[in-house]
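Take a look at these structures.
Common to both upcoming complexes is chain A, partnered first by chain B, then by chain C.
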Partner chain A sequence: MVVVNWLQVLFNSAVTGSLYLLAAVGLTLTYGLTRFPNFAHAEFMALGAYAGYTIAEQLKLGFPYSFIAAFISSAALGAASYLLVFRPLTHRGATIIHLMVASIGLDFFVRHLIKQVWGGEQLSFRMVWPYFDVGPVRITGLWVALILSAIVMVGVMHIVLTRTRLGKAIRASANNPDLAMASGVDVEKIALVVWIVGAALAGVGGLFRAADTRLVPLIGWEILLPAFAVVILGGIGSFYGALIAAYVIGLAENFGVVFLVMFKLSTDYKFAIAFLILILTLILKPSGFGRLFGEGGKVV
Partner chain B sequence: MNSSATTKTTAVLVALIIVVAVVAGVGGYFAGQSAGYDAGYKAGYDKGVMAGGAKAYEKGKSEGYKAGYETGYKEGLKAGKPKGPTLPDKIKIGSLMCLSGFLGPMGQKIKLGVELAVKEINRKGGIAGRPVELIVEDTATDPKTALEAFKKLVEVDGCKVVIGPMASPEVMAIGKYANERKVVVISPTATSPKITTEFPDDYIFRTVGSDALQGKALADTALKKGFTKIATLVLNNPYGIGIEEKAKEVLGDKIVLSIRYDPTKMDFRTELSQIKDAGVEAVIYVGWYEDGQVMFRQALEMGLDNIQWIAAEGVYGEPMFKVADAAEFMKRAVIGTRPIAPTGLITYKLFAESFKKEYGKAPTMYQDTAYDATMLAALAIAYAGQYDGAKIKDALQYVSQYYIGATGHKMFDKNGDQLTQFYEIWKVEKVDGKYKFVGIGRWP
Partner chain C sequence: MSTILKAVDVVAGYGKLVVVHKVTVELKKNEIVVIVGPNGSGKSTLIKSILGFSKLFDGKILYENQDITGLRTDRLIRMGIGYVPQINNVFTNLTVEENLEIGAYPKKDKNEVKASISEVYDMFPVLRQKKNERAGNLSGGERQILALGRVMVLKPKILLFDEPTASLSPIAASQVLSYIREICDSGISVLMAEQNARKGLAVSDRGYILVDGRCVKEGSSKEILEDKEIGKLYLGLKA
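So, the complex of A and B:
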């Protein structure tokens, strides 16, 4: 009989889920607000990872600074993408298809730019993280930092969304942009803020992924698929839906590994488990978890 | 003359005869002539071993070889030039290498072995006076990209011989197409036994031994160390599964846990937790560089360095040390196997010298098999005398019987596999703050 340390698997799920959450929050919010799936979101993650690498490894300033660098550089890229590409296109009457294709084009552009600057070869963070055992569970500093970042992000977002005028404006704009505009909300300004914050969080997620694994230009693209799964499972545009969905998929993947090994199947299929959940959601409850948090289904 | 001097003189002479005969034969292939070769080789060889004895042969061969090599080569080329009327003016050899992706760092190096062979051939006048043109394409360590690149080499460039691809799944992906279009494929590195079973007796060749052997070498290493509770952790592709199956044949129910993983996932914590919880004494591991680095780093973090890891050659190489955690883990917990040439080969020494002259450093793993694959391809084209896939395929089987390359005697069996393959058992040491691979034994 195979012995399983379930607590460790649970902890591993929290690590996976936290990464997916950081990656998906911006994606779901911009999807909800500007109403198209932004494929260039993958490069927000990649740029954050590479900028962090430059600070931590090439300039040797340490991880806290690389964290800030990832946040700022991706935020800047998010702002530039919205101001220079997507807003002008929307003004010219672009449909969801145009915007989606443009985002794929932007993704390629940024990815190859990254390749030009840092090269296509695999890079790695050299820093060594401390690790320790808490009861039966093995933990490293990096994993704790990742989970803490996700928790702090959720806390801050929750307060902003529920307690501030900005949060109210974001929710209003996502729910009904025309009505929000009529009530005096500058929807485009709100959208810009959401793009900046979403991209910055993705940059942080990318940095964690890079520190946990390695850096390749495709690093963001690797996470984009599960991130989209989180967005759809959580309900497009729903912050709280994404929160639950990220951890559901994290759990499904890690527990999936345990069961796949038990049944002597390749752990390749852990993705399949996540997507099985996704398909069932689309059939049984197409709005995802988003509807759980309000009658409109669009409550951010 | 006393008897020892006689023996010595005889030995040197005999060695010279052997060597000139071998090399004249090699040159002869370039000319498309081989009749005299058989006779010369056989006579020289028999006489040499019989008359001089093994000891004298060893003594004489180093001096004799070098002198004989150059002379024989030139003679053969000169004789060959007027012949081979149906060969094109430029002879194309294609090559598929993993220049990026999981095996990118390895592919960049292996490419040098192919290029060295082509340079040497062209320096000596090409194949029957015609220069060889090498066309290298990147497969990105991806079977789909490999097939596209292969189609480009075949359809656009018109290559009839391709060196590579490197990874077993890539060979599996292009095999059917290669057979349909009658293009000879010689992989210097693909080791999966599935290539033998899937593509027997056809256009797929390789200059490295099948993992039917390496799987046994890994399992024997585990047995020798007395492990009775073992896990396998392998790539979910023909390379990984091939070794897993062979190891199981040898180890049976000593294997208590088998995990096949997806190299693109890079989040291996729960796979590693499983191994930790199973309480095994050893892990037989098959991975590549990129995933191997992450696997070892996460294994160190999970505290799996108190288990003996026994790894296949996919994680052998300096690029593994780029990740500090992975290097430290390898030093603490990993030993492994890798294919090597028989020790003390003169042909390997010549190859290594030439390599060093060209690139300023000593050759590493698989640059030798890549060199041999390219040389064999050129010899086969010369012997066929035509740039025709089917003819080259038959010629390749024939010339391989006599070719002694950097990695030894490269005779193919009827499936296009190597008849023999030796393996080194390696471990990682840290000397003066630098990690390096050290040989600690041999198999068989």
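So, the complex of A and C:
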């Protein structure tokens, strides 16, 4: 009989949820503003992970510096993607399908570029993280850093979106871009900011994932499916919806693994859990959690 | 009165479709000019072409004797041109106050923004009462008033309206038109496309009648209203 440490499972869910939140926030915000699912978001995560790896493992500068490197490198890639690919395409009248296919193309391009620079083999962070036990729950420093990063990000995003001129312009532009322009908002500049911030957060998410597991060129794609599930379950474009959805999917995945073990099934099926949630949401409640907050909670 | 806005020989539409054919419209300082005509006549397209929301195939837009053809919408707004669209004219996910703050977006001084919003509240007291309410919850008439408030925060020199009374009750429509008259009396010139020809002409100084994207008549509103033939043929007005 399997003995389950349920509190550990609960804590692990918070860790997974925090990771998915960092990965999904940019995806949902850029979708809200530019109205297409950006598959190249996977490479924002991957580039952040590899840049962080170089700083931490090759230059031996420590995790805080690799955090900054992940943030900046992915932010730069996000800006370049918007300015060089998606904005020009939009100006030429590209539809959602054109933009989506372009994002897949960009994803392949960046992934192969990453392979050229770092090689295709699996890499690992050798950093040893301190750990401690709280009752039956084992906690590592990396997990604490991940959860704290997610909490800080949520707090900052909430303040920015609700209290600042920029945040209100983001919400206005997502709600009605033409009207925002007719109010004097430079919507393209706002979209650029969102792409930069979203990509930077994804880069940080990728770094945490790589530091917690291992680093392969497909690392971004491994997180992209659950990130899309978070976006759909949270309600496309909804920051607060994504916040709840990330932890719901984190819980479902971790508790799902327990049940898979109990029923003597392969834990590889855990990747299907997010996919299942995504499909069920689309069938049963396509608006996801977004409506819970009314349109006020939604960025879109 | 000097001309503040002139759209010259405008050819406009959407994609490859031409809706407006060589129409010239002029707006002078301190006047209300209305563009009327049957559905699909190109009234809204003409207004939108001035701001870049429809495609301007040919023609020129002059504002304060400056050629503004093809300038970005947000730049035009910063130059003093206000625009109230027919539909989706408020940010439904923002509160009334946040809508006004976005209306004041080009202003960076917080105190100046506060003062401007306070002036708008004095102008439209209903907005002050509902300042924390989400715009998506307002009635059609209240939304239209908020849309007016949103553009007034920036104190524009001219205002363009796209069918301001569409989908409003007769009482709300009359209220909105009387607000537009007040706005003009405060020194802001108004150019509007209006589906309710009689009401639009009654509140305006001059008018243009568009049919199938072409201007078939222009003149003082009084003259157009009194021309029974024109009213019967193009505006659905009864003798």
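Just so it is clear, the second predicted complex is superposed on the first by the 292 of 300 C-alpha atoms of A that agree within 3 Å, B and C clash if a C-alpha of one lies under 4 Å from a C-alpha of the other, contacts with A are read in each partner's own complex, and residues count from 1 in each chain.
We take it that a residue touches a chain if its C-beta (ideal position, glycine included) is under 8 Å from a C-beta of that chain, and two chains touch if they have at least 3 such contacts.
Computed from a predicted structure; not experimentally measured.
S.K.: Examine A:R138 and indicate which partner it touches, taking first as chain B and second as chain C; both and neither are also allowed.
M.R.: In the superposition, A:R138 contacts chain B only.
S.K.: Which partner, chain B or chain C, is in contact with more residues of chain A?
M.R.: Chain A has more residues touched by B than by the other partner.
S.K.: Quick check on the superposed pair: does A:V3 touch chain B, chain C, both, or neither? Answer first, second, both or neither.
M.R.: first
S.K.: Considering only the defined contacts, which chain A positions touch chain C in the complex?
M.R.: Listed in rising order, the residues are 165, 168-169, 171-172, 174-176, 178-187, 294-296, 298-300.
S.K.: Under the stated contact criterion, what part of chain C meets chain A in this complex?
M.R.: 51, 53, 72-74, 77-78, 83, 85, 88-95, 98, 101-103, 105-106, 108, 134, 136, 150, 154
S.K.: Can you list the chain A residues touching chain B in their complex?
M.R.: Touch list, chain A to chain B: 2-5, 8-9, 12, 15-16, 120-122, 124, 126, 128-129, 131, 133, 138, 140, 209, 212-214, 216, 222, 253-254, 257-258, 261, 264-268, 270-271.
S.K.: Which residues, counting only chain B, touch chain A once they are in their complex?
M.R.: These residues of chain B touch chain A: 100, 104-105, 236, 257-262, 264-267, 269-271, 273-274, 276-279, 289-290, 293-294, 298, 300-303, 322-325, 328.
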